[in-house]
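Just below sit the structures, each encoded as structure tokens.
Presented sequentially are two complexes of chain A, the first with chain B as partner and the second with chain C.
What follows is the complex of A and B.
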């Protein structure tokens, strides 16, 4: 059967001539069916043959990363435009990448320089404008004052206030003293401290005027937009000037020269504007060049990075091969599936032919006692279920794979805990959406949670389909039952329905044909009835699954040819489990068939405590007492049967196998106790005590586990109860209550709350919870009956499996 | 009785599903057995679920007791 056991694997040895080495490995990577063993494991990464090549690849990867950063900055996304399969050589690629990198960096440096100059000129222009305004307004007011003064002097020619006059003239003439000024820009946050420090440092002997600039300006040094003010500081004296200059530098205020001659001002403004527009066009051209460069890189980026990843992988693999003595061929050892033999041979022939090499590659199968990797050939549907199984442990080579049955039983057990066909339909729609959009999502990069949900889309779809089925069986549609298949089987005892709330209804018609009778929902005896039903159902399903597990262990024992395991493990285990819990399942079914009132707890407990007692009213069928006695005795016999024979038989088997070799052992070692572990041909020694303890642990685990695992299946009941109660609460207390008020607004609010609660709690949280518990039931209760799970997974060298993330 | 008739119906549906799978996706003997195993497992699981719920309701010991005011 397809997925039941691992594909048969073989250890192969490939001898490849050196010229064809690179090509053969890349072709084998395309094929993806060989897992190479590392033959140079003791060498450090720097001692290996192809270390320089890998360094080259690393360099190129760095360059590609730089390109990617630049592309992200420019907003160019790498597109897979050309699918031409031109085989670009690694050397050509290296040269090209170096050229492009130099070009890009030069462009970037130029752009930055130009931008810096541009920003400075913008600031200069602002300074010219604002300071020009100062001066013109100051001159106007000065002219106005002069005129006023002249008017005053002409009008007020009195002697009464000669001092005043003198003071004014002296005040006025003081203005004629030559003042120096410094103009520039200062960031707005620092303008007030700037002014204050200037004032203090120069003891108030400066005059400062500031003007606010409305728009933020690009600071040439930091490259960010900052709010700035234009300032003019008037001072007199050289020492004051040097102080002011130092303070300006400390505050990061950029200074620009200014001349108070009006004509020169206009000239400067014109010049600066001209330069600005020139620079702008130059910068624009530079940016355009940069973006076209990046776009052309963007077209080929994906191709290059794919090529680089492939080459790196090929060189890593080549490093694992060893040179043979003459240094003319490479030796490769690896695992491959048996069915791939002819494919690999063809690929090797093609590689040597394409390289025009004289010698062909040699393909040889080796015999080995090593345990091969496990390989299951899965498609996109079965791979997600196989991953669930592998998460617990990869199957030992050629042991039975629980994945085969997990494909059906896992969604089924989930559905037993989730049963509601309304919720099932919602989840089905969600998973169908993911399945329909498969192609689109598989090429995109998704977030973590979305990736997990997308990877499990088939699992979720199966879970949803089974949930719809169990939803019909439990008769719950968002907790509302419907009488779909037939009318309810129950009716009142008499036409007046007096006793309906005290002694209840009676069964008048045939049993409701499919699922739970719709009358139960909301009654007072719903929970006792349902609890009894679901608990018994959990036990029955659990016993079935555990029996399946033990039967799989029988198939394993038969496959590996171990009759000891069949007779002294499988048989006693079956007897023990079925004489206790199989019998329990039997009496549950008999009680249902006959409708007897026997107390099953009583029956089971007294089967152990006083098995010879008369059953009385708990008798379900004739001869029950003798059957119980018989089953109890067989269970008691089964326990030492699974404990004792196997270690002794294994010891006898080991001695038989090594009878012939016992003579050589005596010669080689002095100490007979040590002859076990040190026996030749890599054969394990036989420690009887170890084997016995192992078997003891196994027996105790099974016997105690029989009880605890059966009880563990009761979680099927528990979660299904939780789900139906939650769903019923949301329906009754939210939706129906909102309906009672007869108010549209409250109804809408109620509906929204209902939808949010259903989606959040039931569809998300309950799904995860039931998923987890179904998983646990599989991993522990089902698999510990037969699964060893200590193999390792087949990890072939394949380009398709290279990780998609940027591991460059 | 209703129980055996419906069980027979489950059996027939299971057989039809197996034949269907065989006709639709005939992909080599090993894969066929695999598909058959899946269909049979699904049929058995579904039948068990139905049978348990049906049997429990055939001869009930607890009857529905309605709430007051229903």
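What follows is the complex of A and C.
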């Protein structure tokens, strides 16, 4: 397999006998290498062949959702017992689900009925208690009043006319007898409007008493917990009564009868309590039955839902196939990779054999002008790098895949910005933790951010390894220099080291073998030295990567057989970039090797401004002036070369093809060159001005881009500078300062602050920013040299890809 | 007319406007309606709706569906949308949103009162009420015997109370009185809403006054047509027309004396915006008038979305959803009763 190109794809047609259709599709779903085309796009979902089956699946899914809801209510968690031996098919499942649902619903209804009665009785009991209390207290006060009254009458009796008074009191009590009352419960939040409406409706001719129930009560009708008040309303007259009854109904106040006879009250309370305990046991038994039922469902729930999801997917796929005229077989069209041909054929054969079908399925390859989907065969390591590329745009069919290079260049550019082997080790440990627990994590659902880190675990690991490497080169370990590879090459002139910062050090040993000499750290000239080094390094890296991009455009052009692109795009681009920035790289290297004092800015600027002037002290090598002149001229030539020939050649090519087309033989479009990008254009109208403007834009973009992209690579230097400065600030200003206080508390605080800052700012935020910059360098600076990215992804019908969270 | 709404509108209204425009994008399109009209059974309708915003509301309904369930669930979605918006709204948008529901409140009051007059069960009536027009003590309406009681008992607590000032009489409630009450209330409500929108100013005032004027004119026409041949006097009829709108005041004078539908037509054809509506109808016909008005209304409501930074989008969205639910109800009824030939009679395509 060619790593650089996406898999060769083919459009295939499958003709499947109808009796084997379901099985074939489900086997193909197991295989997961065919992307079906929707052949019924003009039909609405319910006009398709298998609409009824999908409706059945939907109905079953509803039942399963009901089970799930009930299971959550009952606190039963679906346990994944792999009882694979009891393979169940859809029809049986449907029957079984129906039975279980009916069972469950009946059970639920019974329970609810019982619960309803139970709640009613509870409310009744509450009413009896509260109203009883109220009545007894009222009676007590009434008795007390009566007694007082009696005392008064007996005292005054002899003087006043007792007869009249007696008459009055009896008349009064006679009136009292006519007072009726209603008692019951009303939801607390409605109690005030209730009282108000009662008052208004009866014009104040009621007496109402409410008592608060401390605990919320289960409402018999809704079955929910509600705060309620017990009320008693006294009224007189039938009309008022009917009004009150209506208002009670309107407010959802449950009424319960009550008698003011004490004996009866006690009897009723006793009765109610007896009934309550009876009901309680019945309800408990019902609930037990309910939960065992749910438990048995829970054992198989996962299996059923998996089966249902698969069946639904199969029927959705079947709906995409078109019926043959004879209605004996189904016609499928789809894309599959060429290497899968034999596997698909084998699977189809197996399916027809398993179904005892009379005729086998037919597999044939179709010719098409349509652009096939892009399919990169990735593994768990490469897939996340491919994702980085795909996030920008899916590669056009069979164009060079930058993902291959990204695997190395991405972590490397990241590490250039993040060079610190201490930080690198921290990140490596974190990513290794994720990699080691890969099996566990991949099966469970993670949080948003965690999922992201887990998905990119191999990218992170690679980035960490590379930043350990660049950390050694920069000699940074939490901004502490270590002389690991050898002792420093420099030493002070005398033991006191007084003049180290004025006259400098002397070289006593061989050059430090790998990376930066630790002695640079903390000196006054550290920054100018590192800046110059990193800046030049960034330009070298950038020019290399951009050259790689242009070379890839050559491979693309060669693969698609377009010599115009090779000669009038690739060659001038190479010349232009390398005559300017390739030359810059060259003189950077020459300067490094020769140790020359030449000013490179000066060289580059005056190469344009006055190319014929003498270089003077900035001369790096003999003949530099003539080389520069030559390079400048070739760069100038390259620009019109990029701009002009291509549109004219395309126009010519189009005209030739157009003339030839009407006479030439109809040749098969077998070879990939013909189905390349240009053949579809040939048949459409050719708009010269459009092509020319397009080319103009392209040229301008490249010429300006050569400058701006090179400058853009300087972010490598900037970020790496920022990183090292930040980490040295945390180290010097927090850790060392805390150390100097010689106080344990301050030291502990300092260490904590240092750790938080290192983790929060350097390990998380800096990683993110370096990641984003590396991403940009790949997407913009690298990929715009060659990458079209207008393809679409291969999305095969596969059971493995049915995600678990997918709603039923 | 236009202030600097664009500068400050988004501080409070931006989020909700985005929300409502998102909801509007979820309205069914002509393609959806075409598909729905081809459905063979209510299950097909459910299946089709499951791909729309109604999906989550319908998915847990067991299979033998009824039209009422579909309508109920769809209304539930509208109510949820509304409640969500109301929760997020600040003044004056929250008041504006509340105004939208008063119409339903009036309808609910009338429904309950008429129901109790005909000895229906209150619970059953409550189920029929539009959930947007519910208020706490609505069930108590059943107690009232005449309008004074109605007002004093229940409505004094509701936002409808100020509208009642015109129709407090001690007359017993009967069908005629109730209908007059409904229209008086509606008139007061529309006028109040109109004043409120004028107070808000800017694009809201401009668009809403247009929409409300249309509503008022439509009601005027309907009142006229419905009162032809009843004992309602001309003066009484005149009193029920809202005091704004395109027809106010001269059109109202003419409508008040109309004695048959063709006279109404003659009056209305003097007003260019209504000419096109009546041009679609043949003489003497009033059946299709409702649909024609609905179509015109939908067109105007859709236009409200063409401008930004105003509240009329909320009104328009609620109205469009209601129209959509009416459409769904009609389609489902036609499908359920095997009357598919009549399916296009009453469906108003929104887009």
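To be clear about the criterion, the second predicted complex is superposed on the first by the 595 of 808 C-alpha atoms of A that agree within 3 Å, B and C clash if a C-alpha of one lies under 4 Å from a C-alpha of the other, contacts with A are read in each partner's own complex, and residues count from 1 in each chain.
The criterion applied here is as follows: a residue touches a chain if its C-beta (ideal position, glycine included) is under 8 Å from a C-beta of that chain, and two chains touch if they have at least 3 such contacts.
Not measured: the values here are computed from a predicted model.
Novice: Is A:484 touching the first partner chain B, the second partner chain C, both, or neither of them?
Specialist: Touch partners of A:484: none, neither chain B nor chain C.
Novice: Between chain B (first) and chain C (second), which does A:597 come into contact with in this model arrangement: first, second, both, or neither?
Specialist: Only chain B; A:597 stays clear of chain C.
Novice: Looking at chain A, which partner touches more of its residues: chain C or chain B?
Specialist: B
Novice: Once the shared chain is lined up, is A:446 touching chain B (first), chain C (second), both, or neither of them?
Specialist: A:446: touches no partner chain.
Novice: Now for A:47: first (chain B), second (chain C), both, or neither, which partner does it touch?
Specialist: The answer is second: A:47 touches chain C but not chain B.
Novice: Mind working out whether A:201 is in touch with chain B, chain C, both or neither, as first, second, both or neither?
Specialist: So A:201 only meets chain C here.
Novice: Would you sort A:589 into first (chain B), second (chain C), both or neither based on which partner it touches?
Specialist: Touch status of A:589: first partner only.
Novice: In the complex formed with chain C, which residues of chain A make contact?
Specialist: It is residues 44-47, 51, 54-55, 58-59, 62, 65-66, 190, 193, 197, 200-201, 243, 246-247, 249-251 of chain A that touch chain C.
Novice: Going by the contact rule at the top, pick out the chain B residues touching chain A in the complex.
Specialist: Where chain B meets chain A, its residues are 2, 6, 30-31, 33-34, 37-38, 41-42, 45-46, 48-50, 52-68, 70.
Novice: What residues on chain A touch chain B, complex-wise?
Specialist: 1-4, 404-405, 407-409, 412, 416, 469-470, 473-474, 489-490, 500-507, 510-517, 519-520, 522-526, 528-529, 532-533, 536-537, 540-541, 544, 589, 592-595, 597
Novice: Help me check something: in the complex, which residues belonging to chain C touch chain A?
Specialist: 35, 38-40, 43-44, 47-48, 50-51, 59-63, 122-123, 136-143, 152-154, 157
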